[in-house]
Every structure is written in structure tokens, then in C-alpha cells.
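What follows is a set of structures to go through.
In the two assemblies presented below, subunit A is common to both, partnered first by subunit B and then by subunit C.
Moving on, here comes the complex of A and B:
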């Protein structure tokens, strides 16, 4: 399998896993939040429940002037249960049957409670009125009975009022029994009491009944409200929650494991990527090292070949120089050797004369010289001499010798300029006469220049300049060679020197073919050549440029196609210390 | 003899001291009035109020675009009710109950005579689809109708962040109804310490209202509206000549035997302004209504002058209708 497909699969798994974990997380309820919220809700419900207990009691004993507080608490309790149910027991809420059951129990308990409270409120109101009114009504009947002198009636009303008060305030069952016993007697009084008190008597009876009935009901409702099992229901629910949350925590811990697994999965991926990256970098490092090595090698080779090229350029210059010099030497050598041949020929006749002189001296030294013999010898000698004179042999020898000696001086001259040109013996910058270098160069190039006219316009006041003459001569040679090669056989090369400011200027002008603007731009670039392959190295002018630059000078070119080229070399009079070191 | 009388004596002592203690306690709380003032201000969401107001007056909530909430709860001239025994619904239908005022309805613990709605929002769900009232077939129809409006959809989006919905409509109406209160009545001013806010007769009426025991049912902020009570607690309502015994009231909701003829004790804040009286609007005058109360709820006789004082007290309960509610 390709690594890219592997990566894709991995990425897919990572994303899918992430989504899966996320989804699972969303289905697992947040325990802490839930438990806080539920605790809060249960506390509220519990609190309202006990509030209600207190408020009911306060209402029962007339400590609260109205039901507003009780009603508000009851409504709040209702709403709390309602919203609790909506939050946790709606269709998609908690489905745990135990919890649902205990919540339902609490809810129905609260609902019963709510109805009990309402019943309590209703009955308590009615009771309150009758409790208040009945004793008052009894009292007024008491006084009516007193006025009517109905002692029995008075006593009955009196005891009823007393027992009623005792019953309503203390709830004594003793009193209720007494009241119940007394009630039938009230009916008997109806006919005895005065006519006008009928209505009051009727009301009294009704209110007593109301007190008896309502008090029983009210207290029943009150105790039911107070004894509501909501408390224990809340406890049960709260315990159920803890249990449920505990079972939930199983899910939670599974989620935790899931998360850990997912993270490990991601970590593995990360590690793999890191490993791959590391490899990649190592490989890259290696690659870079190899490349650097190669570049370095290429650079070294280039450097080497440059040196070689410079060397070969030097050799070429040298060869050219040697060729020129050889040619120059050859001519005088030729006629000197023929002169010497001729002289040797003529020397044979002189030899005969000298031999004759020897023979004469031998004859003379004899005791008896043979004059006859001497005479014939002299005669032959004179004949030779005359013949020689006739042939002007002697003056010819003279001329030949003179000629040869001129040829030899020519040669020695040439050797001198050779010495001047190369000055190989000098490695230090020395004060140099530039003109000498130029002359030497021209002489060396004489063969190359051939028929071309060389116009020298030298400044006679030219000062000596501090330079490496051999190097400068190479510059001149390169320029002159180029000029000669660029011009026709009958062209002109003009060399002008002059002093300018703190330096000098040497101008080489020719009326050759010239060069393009492009050519001018490239002329000092190494390996730039217009010559045929094998004719030049293409380094000449670039070396010239280097040399002039290293002398702190400038070399410029000005050219026009068809008209000619001018090379201008500017050199300072003195070298700065730094530049000198460069030259060396 | 001594042996026998001692516990009796002790009992009497305990009795008297308890009596005395309770007397002191009730005295201590006597300063607290059973009726408390209506707050001047309510905390509401103004945007919902404005929307609710529009809906409250919008006849498009009814089947034939003839009736709005305000038709039966006339805020301008009817103090939140319509003055009729039974209100006219769509197609001339009439219900069987008198329309109560919507003013101060937010102070009631339950809505409707029988308390079948727990709150205002729950209440507002009902008239719209009640065939005798606004007669819409369903809330979907209502929403479709309102969606044609130029503004409602945007307003609902802005306020509830969604399209028009039943919940949104009733929530807005309920919010608006919260602003329908009548604070600053002369009696409330009196409660807050302005002795001269009510007349002598009214003060006397208030005392009678308390001593006769009206206050044990009509009490709290809304002078009623915080409990259920049977009509005819001290005298069988069947003995009444009118029709008050016909409606079984809360029994129809709970089916509890004891809830027969039980109704929410109505607020008396605007009672003098909103005749006719009682759940079936069968009683035309306040005098007759108070008489019935005295007879059937208190089970006693009250002199004419006391009744007049009580009625003049009821007049002092009428507060101010806040500006800009209609």
C-alpha cells in the first residue's frame, strides 16, 4: 500500500474516531453538572416544602394576615416540580424506571399536598370566621337570656361559649363532647327564648356546627399537610439520583477510557509523523552534504582549470613571444652564417699566400738559399695577390664581417628587449618606464604586426610608475595582439601615452573591425572570445583586466563596428600598500 | 375535694395562660393588614409587552376576524370586562360564565373562575380555540394567519428568535397582561400611610370588611384571587333564588366531590366597576352581590348602613389604569 493511502486511512480514522468520541460524550450526561443541578432543585423543593409547613401553621393561628405568602410558596413548589420534571423526566430525559417511579411518587405527593393546601385554605377561612363569630353570637344570646331571666338558657349559652373557646383554642376533645351534648338542648330553647332572638339563635347554631365541622376538617388538612411524606420522597429521589449517577459513572469511566484510547491513537500518529520527518531531514542533510561536496568539487575543478587556463594563456603568450623573437633572430642569423661561409671561401686564397710566405722563410733560413726558387714562389704569391685584388676579395671580407657584426648586434638587441619584456627576475613593484615596456612589446609583436602601421605618440615627460612591469607587459601584449588580429594587414595601431593627474593613461587605438555593444560588455569576461576555436583561450582580456585592477587602475573599452576599437588603460603613479600585497 | 379540684385548677391556669398568650400573639400581628398594596411597577420585557398588546387587540386571533381579546375584556370603558352577563363569542355564541376583568389578573394565583389555568400564558391558550369564544380550529391556523402579517414574523424572530408559535403568542400576551394592573388606589394610599386618602365611611367599611370576615376570603394584594372557596359555605346555595347553584365550578375540573360549587374567590379590586357579579353574572348590582355574600358566605345578618360602608370601602379599592396599556 502506498504511504499516501495509509495516511488517508489514518486521517479518516482520526476524524471518525474524534466524531465518535464526541458523539458518545454528548450522550453521556455531565455528572457533576447534573448532580449540582438536581441537588439544587431538590433543596429548593425541600425548602419550599418546609416553608409551606410553617406558613400553613402561621395561617392556622392567624399569625399571617393573608394567604399571599402561602399561595406563592405553594405555586413555586408546583412550578419547581413541573420544571424538574421537564428538565429530567420529559420524553428524552432520564429513563431509569426506579428514578422515574420515585419522581412520580414525589410529584403526586406534591400534587396531593397542593390540593390539601387549597382545602386547608378554604376551610381555615370559614373556620376562622365562625370561631370568631360564634362566641360573640353566644355572648349576645347569653345577655338576652339573662334579660329574659332564663337562667338555664343563660348557663347553657355561657357553657357553650366557654367550651367553644376551649375547643377552638386548645382543641380539647373534652369540650367537643360537652358541646355535642349541649347542642340538642339549644333546639329545646327555641320556644323559650324571645321571638326577636330567633335569627341569632339560628345563626349561633349554624356557626357552632360550622366550627365543629370546619375545625375537624381544617385540622385534618393541616396535619396532613404537615405530615406530608414529601420529605422522605425527596430523600428517596435524592438517593435514587446518587445511585443513578453512580451507574452513570460506569459510562463516564468508559468515556474516559475511550478518550485515552483516542489520544493514544493520535499520539501514535504523531510519533509516526515525527519519525518520518526525522528521516526526511536526515536524508535531506545527507543529500545536501553530497551536493555540497559535488559543488565543491566542481568549484575546485573550475579553479584548477582556470589556473590551467591562465597557465596555458601564459604559455600561449610565451609561444607567441618566442615565435616572434625566433623570427627576429632568424634573419640576422641567416646572413651572418652565409657571410661566414663566404669569408671561409676567401680565406683559402689567403691561406695559399700565407703558405708561400712560410716556404720563403724556410728557403731563406737555409745556408745557401735558392734564390731561383724564392723568386718563383714570390712570383706565384704576387699572382695570387693580384688575382685577389682583382676580385676585391679582401674588401669583400671586410664588408662581410661588418655585416655579420651588425647582425649580431641586432640579435643582442632583441635579447635585450626580451629581457625587458619579461623581467622575470623582478617580483617586486618597481619604478618603471612604461615606454620601455611598450617598445619591448612592440618588438616582440613585430612579426604579428607585420605591415601594419604603428603610430606611437608618447609623452616625453612621462614619469616612472610603480608597478610590476612583467605583468603590465603582458597586458600590453594582449591588447596589441588583439588589435593586430582585429585590423587588416595594412591597418594602423595608434598608441598614445599621457600623464593625467595622479596617474597615466595609455590608449591603444586601431581601425579594425570593432565590436558590438554586447561584445564590449563581455570583453573582460573570462572565456569570451571572438576568435575561432583553438585560436585563443578567451582569457587574455580578462587577465589584463585583473592585472590592471590589481594595480588599482582602470581598463575601458570603446568600440564601433567597422570603425575600430580603443582600449584605455589608466594606472596610478603610486601603489597603495594594500594593493601592492594584492599584486604580489 | 382538694385532690379532685387540683387538676381542674391547673387546667384552667393552663387554659387562661394559653388564651392570654395567643391573644398577645394575635395582638402582635394585629398591625399587619390582610390587604396589601399593588406594586406601582412591574418588571416586564417591553418588546414582548408591545407585541402582546398588539395581539390582545388583534381580531385575527378569531375565526371570522370579528373578535379580539379586547372584545370581551374592554380595557377602555369596561375596566377589563364587558359588562354583559355572558360575552358574545364568534357567530353570536355565548358561554356560561361571566367574563372577569383582565386587570390585576396577573395577581391571581390561578386563572378562570374554576382556576383551570395555572397562569396567564396557560389561560391565553384557551379562548382562541374555544368554539364559543374566538372559534379558531387550531393554533396552526392562527399562526398561518399571523404569518401573512407584514410585521409579526419579524417581531417574533426578533423577540423569540424563531417563527411565530403558539408559545410565543401566549407568552407575549401574558407579558402584556402583567402590565394591566391598577395601582395607587385611594385604599392603597391609605395603607401606605395616607390617612386622608379614604373617607371615614370607607375606613369604617374596611373595619367591617375585616370584622364581618369578608377578609378571610377576599384578602391579600388582590383582595381575593389567592384561594378557592365554595359558594354557600354557611347557607346552602340551593336556597338562593337565582341560578348560582347551577354551575359546579371547580368540580368540573377536578371531579373531587368536595370541589362542587367551588370557585376562585374573585378579586374585589375593580368589583364596583365590573358588574354583573359572580361566575354566571346573574347578579346585576353590587348591593345584591354583597347581600348574597353576607347571607351565604358569612351566615349572618348585617345592618343596611354597614353594607353601604362596605360598598364604599370597595369603591376605594379602584386604582389607576396605567398609561398606554390600550
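Moving on, here comes the complex of A and C:
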């Protein structure tokens, strides 16, 4: 299978797995959050429930002047239960039946409690009203009785008020008995008490009646409220929640495992990708190393081939030099060797004369010399000599010898020039007479220059300059060669030297074909050549340029088509050591 | 040659006349000293002098010229003398064998031999002598056009390269000559042996070596009438000189060659063959007619074999 297919499958699985895990996570509730929230809510409900109990008691014993707090707490409890139901027991909430049942129970309990509270409130209000007005009515009846000097009545009223309050507020059963005993006495008093107090007496009686009735009812409701089972219902719900959460944790841990599995799956993918990347990098590193090696090799080859080209240019100019010099040397060599042969032949004739002299000397040394014989020998000798003179053998020998020694001096001059030209013994910059190099170059080029006129206008006060003579001679040779090749057979090459400031100037002028502006621009470029293929490497002038530059000098070209070319070489008298890099 | 000159020559023992041309007087002096015993030596320092001497003397037996001279190149002077005094044996002498000069001297001046400096007097003498034999036997004499027997001339192409066969066949057809295409030395010799009309041998060889030299020498020896042309892409002065001096090749060509170049050249070669054949026939005839003793006969035979 292709790696790309594998990768696609892997990516598909990763995305599908991610979506699956996400979906599953969304179905499993977050235990911690729910637990916190539910606990908070249950605590609030429980607190409100307790508050209600307390507030009910406070209302019963007149600690709270009104029902505001009680009503608020009851409403809050309602709201809490409502929102709790909405949060967890709506359609999408918890579906655990036990929990739902438990909550429904709590809810109905609270509803019942609420009704009880309402009933309590109404009865308690009536009770409180009577509790408040009964003592006042009793007080006024007591004062009336006192005025009417009815002590018993006064006492009865007083004790009734006391007992009523004791019963109402403390619930004393002793008091109610007392009241029940006193009540018939109260009816008896109606007739004793003045007329105007009858309304008060009626009111008092009603209040007492109300207190007795309402106290019972109120207390009944109160106890019902206080004994409400909502507390236990809250506990039950709380426990239910704990159990439900516990059951949820199974799902939670499964989700956790699922998450771990998914992360492991992703990690494996990541590891694989990392591994692949590492391999890729290693491969790339290797590739880059190989490429670098290749580039380096190519560069080395280029450098080498440049060196080879420079060398071949040197060889080409050497070959040209050798060709010229060979002709120059072969000419005298030809006639010298021929002359030697001829002279040897002529010496054969002289040999006869020498032999004759020998014979004469032998004859003379005899005790009696034969003058006749000597005479005939001398005669023969003279004949030979005359023949030789007639043939001009002797003067010819003289001439041939003279020619030969001239030829030998020519050859030795030429060899000297070659030595001057190449100066292979010098590899460092030395003080050099530039004219010597120019002369040697001209001699070497003699064959190439042929009949072209060479005008030398040399500055006789030319100082020695520090340079590498062999290199400069190569420059001169290149320029002179080009001049000779650019001019007609009867052309002129003018070489001028002069001192200029801290340096010297050598000018090569010819009246040859000249060159275009383009040619002038390219003359020092490597491989630029106007010669036929095989006639020049195209490196001559570029090497000349390099050499002059390495001497800290300048080489310039001025040319006009049809008129000629001038090459100007400027060189400093002294070399700064750094500048003179060796051209190999 | 005019009768006056002949009588004059006979009067002074009739030494062969040799003209030396060189711009270096010492060479002239040296050569004259070496050769004057055997030949009547004339010297000229430049082409102008040489030309006027030739005109004045109405030709010489042999002209030996230096190649590099101020006013003219040696092969140019020799080409001039070929055109004007074709009987003269032309020898070129030079200190430096430059391929262009060699090629020109063979193809344009049709020189007899090429001598390199420094020269050997003995060799020089033997070359001059062999040239003089040619003159004396009339080999250099122009055969009159109407005399030329325009017999059949078969072309033999020794093609040592893989291509060019087609061009050669085509040119031969244009010349209405019979082309014989061979590709090795053995079959070349076989064709020459069997084809009586073989007149021109064209050798196309990019690797001229000892085998080529030997073949050319052998053919020149055995079939002196056959005109030999060598074409190569690797021009080399030394081998050109060797082919000329030992095999007397008619042309030394540097490829590439075109059909238009080849056509007149092969034609000229064929004309040369006709002339040589006519001369040989003439000489053979005169030899057979001569009844005045075996010594003369053997002399002719010697001359013919020499050629």
C-alpha cells in the first residue's frame, strides 16, 4: 500500500476518533461541576427550609412584627426548588427515576408546607390581634370595676388577662383550666358591672374566645410546619444524588480511558510523522552533502581546467616561439653544417700540399738531398696551389669559416635572447631592464614580424623596475604577436618607453586593422579571440591583463578600425609585496 | 631550350644549371661552395632577382627556393615558375615545416621535393640529380595536347573512413570515369593489379601512418604512372613531406572537401595521368626503336625504373 494512502487512512481515523470521543464526552455529564452545583443548591434549599421554621416560630411569638421575612424565604425556597427542577429534572436533565421521585416528593412537601404556612399566617394574625387587644380590654374593664368598687371583678379581670397571656404565649394547660373556671364567673359579672361597660365586656369576652380557639389552631399549623418532612426529603435527595454521581463515575472513567486511548493513537501518529521527518531530514542531509560534493568537484574541475588553459596558452606561445626560433636557428645551422662539409672536402686538396711538404722535409733530411726530386715535388705543389687559387678554394674556406663563425654567433645570440626572454632562473620580482626584455621578445618574434618595420623609441634614462621579467616578456610577446598579426606585411610596429612619475609606460602602436569598440571592451576577456579556431586560445590578452594587474600596473587599449591599435602598459617602479601575487 | 644555350652548355662541359634562391647570403654562399663542383650554380637573393634570372636564362634545370623570404613566399615563386617554366624541377627548402606552406607547395606549386633545413649535402645532391634525370629524359617536357592519348582512366578510391563513398561515386560518375571503391590496402593492390586503366588513386585516411607511407611508396614504385592523392582530416606537416618526397603524391588535401572542390581536382589528376601515360608510351616506343646497342637500352630502362 502506498504511504500516502496509509496517511489518509490514519488521518481519517484520527478525525473520526476525535469526533467520537467528543460526542461521547458530551453525553457524559461533568460529575464535579454537577456535584458542586447540586450540593450548593441542596444547601440553599436546606437553609431556606430551616429559616422558614425559625421564622414561623418568630412570627408565632411576635418576635417579627410582620411576615416579610417568612414570605421572602418561602418564595426563595419555591424559586430554588423550581430552578433546581429546571436545571436537572427538565426533559433533558437527569433521567434517574429514583432521583426524580425523590425530587417530586420534596417538591410536593414544600408545596404542602407552603399551604400550611399560609394557614398558619392567617390564624396567627387573628390570634395575635386578640392577644394584643384582650389585655387592653381587660385593663379598661379592671379600671371600671375598680371605680365601681367591684374588687372581685377587678381581680377576675386581672387574672383572666394574666392567664390568657400565659396560655396564649406559654401554652400552659393550668391557665386554660383557670380560664375555663373563670368564664362562668365572667357571665355573672355582666349584671354587676355598669351599663356602659357592656361593649367592653363583650369585646373582652370575644377576644378571650378567639384566643382560646385560634391558639389551638395556630399551634396546630405551627407544629405541622415545624414537623414538615422536607428536611428528610432534602437528605434523601442529597443521598440520591451522591449515589447517582457514583454510578456516573463508571462512565467517567470509561471516558477517561477513551481519552487516553485516543491520545495514545495521536501520539503514535505523531511519533510516526516525527520518524518520517527525521528520515526525510537525514535523506535531505545526505542529498545536500552529495550535491555539495558534486558542486565542489565541478568547481575544482573548473579551477583545474582554468589552470590547464592558462598552461595551454603558455604552451601555445611557447610553441609559436619555438617555431620562430627553430627557423632562426635552422638557417645558420644549415649553412654551418654545409660549410663544415665543404671545408672538409677542400681540406683534401690542401692535404696534397701538406704531403708534398712532408716528402720535401724527408728529402732534405737526407745526407745528399735529391734536388731534382725536390724540384718536381715543389712543381707539383705549386700546380696544386695554383689550381686551388684558381678555384679560390682558400678564400672560399676563409669565407665559409667566417660565415660559420657568424652563424655560430647568431645562434648564441638567439640562445641568449631565449634565456633573457624566459628568465626561468628568476621566480621573484627583481630589478629589471625592461629594454632587454623587449629586445629579447622582438628577437624571438623576428620570424613572425618578418619585414614589418619595428620603430623603437626607447627612453635611455629608463630606470630598472622591480618585476617578474619572464611574466612581462610573456605580456610583450602577446602584444607584439597580436600587432604583427593585425598588420600587413609592410606594417609598422612602434614601441615607445618612457618614465612617467613613479612608474614607466610602454606603448605598442601598430598601423594594423584595428578593432571595434566591442572588441576593445572584450579584448581582456578570457576566450575572446578574433583568430581562427586553433590559432589562439583567446587567453593571451586576458593573461597579459592578469600579469600587469598583479604587478600593480595598468593595461589600456586604444584602437580605431583601419587605423591601428595602441596598447599602453603602465608599471610601477617598485612592487608593494602584497600586490605581487605569483601567476602560475 | 634554345640551340644557342645548348651549344654554350656543351662548350663548358654542360653542367646542369641550378638556381638557388634565399634571402640569406650565407646560405647561398654555403650551398654554392658545396654544389659548385657538380652543377652550374646561379644564385638570387629575392624573388625579383630570381624571376629576372629565370627569364634571362630561359629557365634552369632545377630551382631550389627558401620558403620564407621578405618579398614573396617560396611556394609562390615556385608556383610562378610552374606556370611559366614548367620544365624546371621545383624544390622547396625551409627551416620550419608549417603545414600550410607544405600543403600549398604540393597543391599549388606541384613541387618535386621538399627539403628541410639544416640540409645534408649528399641528400641534396641526390635529390637534385634525380630531378635532373627527369629533365634530361624529357619527363618535364609538356606533352602537346593533341598528343595526349585520352584513353580510359579508372579512379580507385581507398576509403579508410566509414562515409564519403557516395560522394566519391557521384563525382566519378560526373567525370564519367569508372569508380573503384576499396576499403583496405590488400584490395587496393588487387584492384591496381587487375585494372589496367587504373590511373588515379585517391586515399581518404584520417590516420596517415607507416602503412599509408608504405602503400604510397610501393604504388609509386610499381605503378609510376598512377597519380596519387591523399586526403586527411588530421593534417600533419611531417607526413605530408614524407608522402611527397617518397611517394611523389599529386595532392595533399585537408578535409572537409566538397564535391565542387573534388571535381576539378580529380579531373586535373586524370589529365596528369594521360600525360604521363603518353610520355611513358613515347619513351617506351623510342626505347624499342633504338637499336644502337644494349647500353642505351639499359640506360632507358634505368631511367624508367627511376621514375
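As a working rule, the second predicted complex is superposed on the first by the 364 of 584 C-alpha atoms of A that agree within 3 Å, B and C clash if a C-alpha of one lies under 4 Å from a C-alpha of the other, contacts with A are read in each partner's own complex, and residues count from 1 in each chain.
Criterion: a contact is a pair of C-beta atoms (placed from the backbone, for glycine too) under 8 Å apart; a residue touches a chain by one contact, two chains touch by 3 or more.
Not measured: the values here are computed from a predicted model.
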Touching partner for A:272 - first (subunit B), second (subunit C), both, neither: neither
Subunit B versus subunit C as contact partner of A:169, first or second or both or neither: first
Partner chain in contact with A:22 - subunit B first, subunit C second, else both or neither: neither
Contacts of A:254 with subunit B and subunit C, given as first, second, both or neither: neither
Which superposed partner A:332 touches (first subunit B, second subunit C, both, neither): second
Partner chain in contact with A:118 - subunit B first, subunit C second, else both or neither: first
Touching partner for A:281 - first (subunit B), second (subunit C), both, neither: neither
Footprint overlap on subunit A, comparing subunit B with subunit C: none
Parts of subunit C lying in touch with subunit A, wherever the complex brings them together: 24, 26-27, 29-31, 33-34, 68, 70-71, 94-96, 98, 116-121
For the subunit B and subunit A complex, residues of the former touching the latter: 15, 18-19, 22, 25-26, 29, 32-36, 109, 118, 213, 215-217, 219-221, 226-230, 233-235, 254, 256, 258, 262, 298-301
Subunit A - residues contacting subunit B, complex: 61-68, 71, 75, 78, 115, 118-119, 121-122, 125-126, 128-130, 132-133, 137, 165-166, 169-170, 199, 203, 206-207, 210
Subunit A residues within the subunit C interface of the complex: 323-324, 326-339, 341-342, 396, 399-400, 403, 406-407, 447, 450-451
